[in-house]
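Common to both upcoming complexes is chain A, partnered first by chain B, then by chain C.
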Partner chain A sequence: MSAFLALVTAAFRREAEHRSRILMRILGGLVEILARISIWKAAFGGHGTLSGISLDEMITYSLIGGTILSSWDATMIVRDVGATIRTGAIGSSLLRPMHYPVMLLAEQIGVRLFDWLLISLPVIVIMGSIYGLQPPESLAHALLFVGYVVVSLAILMGFAILVGLLSFWVFDAHALEWFMRGLLAVLSGGLVPIWFYPQGLAEVAHALPFSWIAYHPLAAYLGQRDLTEELLILAAGAGWAAVLAFAVAFVWSRACAQVVVQGG
Partner chain B sequence: MTAIIRAEHVAKIFRQQVRRSGMLGPLKDFVMPVTRPVNAVDGISFDIEPGEAVGYLGPNGAGKSTMIKMLTGILAPSAGTVSVLGRNPQAQRVLNARQIGVVFGQRTQLWWELPLIESFELHRRMYRVPASVYQRNRADLVEMMELSAFIERPVRHLSLGQRMRAEIAMALMHDPKILFLDEPTIGLDVVAKDVVRKFLSRINRERGTTIILTTHDLQDIEEICPRLIMVDDGKLLFDGTIAALRVTFGARRRLTLEFAQDPGHVELDRAEPAGGEGVQRLFLLPDDQRPLLHILSALKAGADLRDVRLHEPGIEEIIRTHYQSKVSA
Partner chain C sequence: MRDTLSLLFYLMRLRVRTRLEFRAALLITWLAQAFGYAGIFASIWLILTRFGTIGGWTWPQMAFLLGFHTLGYALGACFTLVQLRRMEDIVLGGEFDTLLVRPLNPWAYLVFSGFNIEYGGHIALGAGLVAWAWPQLSIAWTTDTCLLLAGGLVSAALITASMITIIAACALVLGRARYLFGIYFDFWELSRYPASIFAAPFQVALLSIIPLGYMAYVPVAVLLGRPVPYLGAFAEIAALSAGPLSAVAAFFFWRFCLKRYQGGGG
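For the complex of A and B:
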């Protein structure tokens, strides 16, 4: 565990080395949130509610869904794993007395924590003070939301690592990255809440684990369901996280036999 | 003593895709890829005892790195078995990793963006080194490798020589029983090479760490490794001491004699004349351990000897001779 935490901290500190990048990413985040809010304002077009959702709630959804719960940057794992394999740097990771997926997870959590603290938080504070951020429905919903964020992170990381490990077979990680990015943009509900989806697509999204990445946590935050239902859905999300963890362990054991370390 | 490393009939075959030419080539390659086998390692066996320092030598593409990768558990052999500290290094990679140290000259194991000292800290946690052991080792290694001047600096700002010293220090931080080094002196200047070599032979002597080192710099081997394993084309060519190598490959010491005036015919017992005329004569000496004085005593009493030079063939010369004879054969 101490090694895991040390890796999380190291990844966090490594991110902090790129100071100029932080500013650019905050600016990018502001522009993205502005675009999302503008789209929702246009969509509501003066109506008070759409399908029982108010514009203020949608602004809050955009603010959190476009920052803390965004799956966009997580796809970078796929690129990183791909590059590690293509250049043969995977050899160095394999020499360490830790399992590679665990090391990846620790590093990505470090990166994620950094992003939350230094990019998401400023963006939420700035845009929230302009457009207004709704508080969670109740204290219980707030606590559930925290639980959901943990599950969201676990599912996102589990899936990203799983796809990343596929680079052992598919040498073109770029294709995998875009596949994952497109899939998550639609199925996580980060961009558009699933309650606006046509029925067929909504059913597909509900049947897959990706809706726990953004949609379910936000629905809980906004108090769309009662607490018992929330708890059950949260437990289902934790189950999905466990399934992904098993899948990663299985694929990794296969990948180990497959390893070809490139270069001298 | 039982072997700490054992390789038995080890082979590693890579499948290399054959690229077809023409406009349709890439399409054919995609639909029905054709591969051909490349025997990177081809039936190699050896045993290494604890405390040995072994040089693993061969030209580029001889399969040196592949063998190291199999011994460190990051590649599985296609055939045969390797055993390191009694384990299968690939099946028990994590356990194996705790007890070995590895340095790849061409890749870094340090954390590029972080200060060097933080790489050491991370290493300590990953390898679960007890605090007291870590403090002692770090103090020792920082002093021996002279790292204190740049230990707070991010690794990406270090020179290659500084980085390599740091890599080796880190690989020893957890008291590994075996240290694998793949081309540790590649790209280093003469001074840095010398520091690394002296350090490695000291670690081997004082700590009893078993060292396996691949290189194509023969001086590395002369200074660090009493034993030499030579490979080419994936096959074992030679395994033994440097002295035995000289005998096997027929390299002889060369004696140059310089006289004040032309001594006429000169004959030395069991030495083969190898040219020279006038005041300078050359001889090739057999490897029979005879003292030089004994050989020279065969000179005629009146010979006015001015200078004697004895040239020991380096392994480089021995191996060059070997490869040249192979090419011409």
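For the complex of A and C:
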């Protein structure tokens, strides 16, 4: 556990090294949120509420969905894993006193914590003060949202590491990264909430784990469902996270057999 | 001059042949990139199926805009992005010093020797969207519209190549430039939507100091007969001249940075 925390801390510190980059990433975050909010303002076109959803709710959805629950950077894990395998650095990773997927998880948690504190928070404060940020529906919904964020992170990291490990069999990890981006863009509900989807697509999105990455946490934050239903959906999300963890463990055990270290 | 051009063409051919050695991997990359973009475009389609328009733009109009944007970007990025995105590593690793002693312009060497054919997915998706949307938008096939379509795409490609070159040139002076690409792509994402939906300062920025509004919004708005804020009747000529003007600016900025380059390797 101490090694895990050490890796989390090291990843956090590594991210904090380049201060000018932090400012640039905040600027980038502001631009991205501006784009999302502008799209929704243009789509609502002066109407306060459409399809039972208000513009204020969509602004809050965009603010949190584009920052804390953003899935874009997670695709970088696939690139990193691909590079580790292609360069042969995976050989030295096997020597460390921790499984490679757990190491990846620890490093990504460090990066995520850094992003939340030093990128997402300033962006939410700045854009929230300009466009308005709705508070959670209730204290219970706020607590559930925290639980959902943990599940969201577990599913996102589990899926990204799983796809990344496929690089052991696929020559070009770059392609995996793009497939993952396409899937998450539609099925996570990060940009467009699933309640706006056509029925067939909404059913597919609800049945897959990706909707726990952004849509379910934000629906809980905005109080779209009652607390009992929220708890059941949160438990289902935790189940998906466990399934992905088992899948990662299985694929990693098979991947280890693929590694041939030549020379020393 | 002729020898230089034939050498650059030869370097391009070498690169293409190398990439074609792994045809299945290339095909998968094309499919994957097209899939990634299609996922994002599908999100925009979902908004339009529910709300009808975004700032007055219907789905066929948005599809045309997205297709034009993707196509113009791919045409410029295949010459520049992958090659110049690693400029920071090239400078810090000392590789740029070795390029300076070759009997060839270092920018031209980098750009042509790294010509990237991985944008097949972008081009197929972009051309597909434009081809699907064009008949639905009742845009007449006249000499003017065809010239604007072709000229606008060339201009968009030049804007892409110019901006990437300008960012890469910063590495010659600052040593680091990778994080600037992050900012570039944040604004680039803005430029795939109609600029008219953004607040006035961003509209002005996208039509002036960050000329990404000319990549797709201005030429497409002119083709669709929609009014373009701030430009009015000059929109067409602005759409066609933004690319060449960006290229001139990039040329001088690259030379400016190159003169101040003092070596970054250790």
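The definition used in the following text is that the second predicted complex is superposed on the first by the 259 of 264 C-alpha atoms of A that agree within 3 Å, B and C clash if a C-alpha of one lies under 4 Å from a C-alpha of the other, contacts with A are read in each partner's own complex, and residues count from 1 in each chain.
Everything that follows uses one rule, which is that a contact is a pair of C-beta atoms (placed from the backbone, for glycine too) under 8 Å apart; a residue touches a chain by one contact, two chains touch by 3 or more.
What you are looking at is a predicted structure, and each value in this text was computed from that prediction instead of being measured.
Judged by the number of chain A residues each one touches, C leads among chain B and chain C. By the touch criterion stated above, A:A3 is placed in contact with chain B alone, chain C being left untouched.
Judged by the touch definition given at the top, the superposed model places A:A175 against chain C, while chain B stays out of reach. By the touch criterion stated above, A:M24 is placed in contact with chain C alone, chain B being left untouched. Look at A:L34: by the touch rule set out above, it reaches chain C but stays clear of chain B.
In the superposition on chain A, A:V186 makes contact with chain C only, while chain B stays out of contact range.
In the superposed model, A:F246 makes contact with neither chain B nor chain C. Within chain A, no residue touches chain B in one complex and chain C in the other.
In the complex of the two chains, the chain B residues touching chain A come out as 14, 60, 65, 69, 72-76, 90, 93-95, 97-98, 102, 104, 106-109, 111, 113-114, 118, 121-122, 125-128, 154, 182-183. By the touch rule above, chain C contacts chain A in their complex via residues 22, 25, 28-29, 31-33, 35-40, 42-44, 46-47, 49-51, 53-55, 179-180, 182-183, 185-187, 189-190, 193-194, 197-199, 202.
Residues 18, 20-21, 24-25, 27-28, 31-32, 34-35, 38-39, 41-45, 50-51, 171-172, 174-179, 181-186, 191-192, 196-198, 201 of chain A are the ones that touch chain C when the two sit in their complex.
If you check the complex, the residues on chain A that touch chain B are 2-3, 6-7, 10, 13-14, 17, 88-89, 91-92, 94-99, 256-257, 259-261, 263-264.
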